[in-house]
């Protein structure tokens, strides 16, 4: 067990390290070289000594432009390890860490709420579909779920914006809360936040509940047909007991794994919805930074998203053995259940959501 | 010339570990056109033996020789000759045929590979191979998938795949234990007739003494336990006069299709103890044997010759003989 | 192969949604190949041609520059499909190759490849694609396809590996080994037919995934605009203020409908394949 | 049909018919099967794969897997019809009155709950059987002792931690836990080697003697039948073709050519094991049954009538029943 935890921790650390490295090389060595580009642009603005320019660049990117690459790399790693992600190119007075920390709560609120709603809705629907899987209604729901999961979430966002925000003015177009309220634990503020959240959350839910429903249906059906369920019925156990302890538990296990994993992926998938609704989360800042070539903010956002995914993975890996005795027991197989499973929260795609958990 | 020889072969599935070997010091000779049956409970190493003979693994220790050549040293043409000459028929015809490959494509590629057919007439050759095992190999049949065949038909296809290469030795690993009663004898008879017409030798692996007696009536039986050969001898001799208590136990435990005889045999049965792990020292059966004495628990028994090639590893084969006699294993009433 | 097609046809006949999906996919493919020969969006000859509503001459009206919207969609099919199919092809090729090698060979090769796969599985795909696209800023469909498949292959590789692992132990593979068939033949003739169906389904879903990401890149303006495509159409419709007026709503919604119909069609067609290749369902 | 026996039958099955829809048509897996089981009797139901014996066994506990349906027939336990009871009554009945051991005992336990947990579920579902859960556990422990399994090895274990042979034994023990009147066993010895098979048979025989258990033993292995059963029912392609005392069926009393051919095809460790014979042809596909007697195409005694009219099951005074034109006619001549 200790070895298992150590292996998982080491794996997570390796990924984070790798992403930081990728991020360094992208900024430093890719065509166009962001660092020299910034240097050049500062020089062309004039009014700064070469030392000042170097100083400015190193504050923004965390590396001294003309030192050897390995030294730049080491200092970059050191900075990141201390939580210093540099400063925004556009607005050098603002640190990247500050921007990201300001954006993070909004993304967590948006993604967390949307994920919970679509998870609960989807698994409930999926379980119902599995129970009444021969009925016409099930086929209809299954059809709707398939269509919904195939539609890209940004298109739903656009339609919602167009229909409910711009045309009819039912909901606000942008922002996380109204400019008229002061942030704080006031009713007005919370109400405003919820009001602003309705559309972006809906955009998520509409496009992701179908994936959950289909995955839950597949998982439940394979459990319903499992031999141990028939045996439990032959023991004369009550329907409620069979449903809860035999079908329910076993079909929910993979869903719980997927939920934790989606948490990470939804943060990544938030870029479109946040951008369209001008919702000040991580995704919004990522796209802002991309469009304005603000590489330090861009890489900061990317690193944070990766860390979110890594943490979610780590959480699943560490927590799963507690729920599923088949993992991390001497006779158990490989620990990582994830990966083989479809991840419906990934957005409109999510290959494998059709193939079901059995595949 | 020996067809196949095992010289003190031992095998561990996880090399380098001090764990129990799947096979321990097994020596065995198979002559051309001979039937050698291997009997034992599940986990006794009989399947491992079959896989080693078929060349799926190399033994951890000891030597396997095919036509007096060590398998390890086979190269090029000789290796190909061995691959063609030793074939395997599995137990489960549902698992041994690739569900995504048609019957024709199951048989043909190896025929082409070994030069028994050319690419353009591989279909005809495959049909001929299927015909030889009693299947009506129409072109339509060649295009079918395994799931469209019955269990008996599938096992015939698996046999056709093995014998189509004109092998000299076929390892049949529980090849009939999953078949229906009415089909089983037909498949056993097919294997026996192939032996007669094609000079085949068989390593016939089974846990059922009934099937073994029928199939290996003119051959030899090897009884295995925990990877060790505890008794071997000519079929009738071994069944009539079993010398190892484990053999007696196996023989007594096979029910026969005769209620009166079953009842009678039951009265004198040896007590049945299922073993977990074998004992660390001494005879591998000593912790389950009703006749075990101190010497059995401490010292590995020697191999005793009882004449006519009947050999046993036991300290007190006499006791087993008496126990076997009293249950009237072979003397019909 | 003939049998598979016949079965596919049988399933499509009983599953209307799958049939419709298959037909739509084929139609889109035809349009992608022939599109530029069939239609031309035209251009602004006079301001009177701009922002027209649907008519016989312009079934979906015209955009603010006087281009025919329907023709733009037809012409815009090719770049979208091309990149989608290319990206899915790259994904499937790498995924299957890595998965089969890793699973069948096992040992050190497997351990090394799987570490790489694990890392790529963990890195969030979409943000990475956006970041790379922003940095490389390519106009080449091949490079774009490579960028789009940068992480997608890992999931397939993992799935194919686990299948190859169990297939390696399968008795029919043992039989092929006993017969002395060479490694290449075993992989191609024994393993591939078994993972093939899964891969085919994955391919279709990968196309939808790639198109989702690709259109998204154009929408966000991350990928440089080159000629007509659906994402660019939506993007320019929005920047022309389509969100705030009802006059250009057709211009905004038509390319979106084109994408949605294609994505849904792919998903339903993939479902038919799933039925086709699932022996349990097939036998019924 | 039902012979006048001295004791009233414990279980009566009348005209049981089970259909499986297959595309537009239906496949009749069990076709109007009637038989009875007396108290304290071990009754074997024999047949080859696809003859409907497993489906019949499932129908006895009301668990025919969908899309299969019981379309006709009655099940009576001590004269009380239970085939048309409500789901609630079925539940009370299952386990406690009619127990079942399924063929795939290897996957018969919930993989994420310990065996002990599942035993507690059984005990809680039927509180009337034992005064307390502890008493039930003690009985479970006692039963485990009979199959040479220590309770501490089993109670806290997950199914993945038990070997195949162990799971099989635990499955039988859990099915017996509620002391059912009738225990239905579907191929309980099939996947086991000779020694495990003997262990299971010894166990069942012991339980039969100690608990007075009535059993229906479904298998394709005729030697096992000859070892355990008091009475033998033989099925072929969905129909019951012969039933009678096991000694009669395996001795001179058997009549049906199929049963004779079947018994003569069993390899035996005894000397006469060398004179076995195969039956030509294969079991027919239930979707394409031959006209008349289903065994006629493979039967050496078949006459013209056999491939035209399906023979009915006819019972003689001793309770031996057979469905065959040829032997029934011969018998009639002999008896008059």
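A, B, C and D label the chains in the order they appear, each numbered from 1.
Definition applied: contacts are C-beta pairs under 8 Å (C-beta built on N, C-alpha and C of every residue); 3 or more make two chains touch, one makes a residue touch a chain.
What you see is a predicted model; the values in this text were computed from it and never measured.
Where touching is counted per the definition, the chains common to chain A and chain B are C, D. Averaging Cα coordinates per chain places chain A and chain C 22 Å apart. In whole angstrom, the spacing between the mean C-alpha positions of chain B and chain C is 51. Per-chain Cα centroids separate chain A from chain D by 54 Å. Viewed as a contact network, the protein chains form a single closed ring in which every chain touches exactly two others. Contacting chain pairs (ordered by label): A-C, A-D, B-C, B-D.
The part of chain A that touches chain C in the complex is made up of residues 11, 14-15, 18-19, 26, 30-32, 143, 146-147, 149-152, 154-155, 158-159, 161-162, 166-167, 264-265, 267-269, 271-272, 275, 286-287, 290-291, 293, 295, 298-299, 301-302, 305-306, 308-310, 313, 336, 338-340, 346-352, 354-355, 359.
Interface residues of chain D, counted against chain B in their complex, comprise 48-49, 148, 165, 192-199, 201-202, 220-227, 246-247, 250-251, 261-263, 265-274, 276-280, 282-283. Every residue of chain C that touches chain B in the complex is listed here, in rising order: 3, 170-182, 185, 189-190, 193-194, 196-197, 279, 283. Of all residues in chain D, only 61, 63, 65, 87, 91-96, 99-100, 102, 104, 107-114, 118, 121-122, 124-126, 158, 160-161, 171, 174-175, 178 touch chain A in the complex they form. Those residues of chain A whose C-beta lies close enough to touch chain D in the complex are 225-228, 230-239, 241, 245-246, 249-250, 253, 323-326, 329-332.
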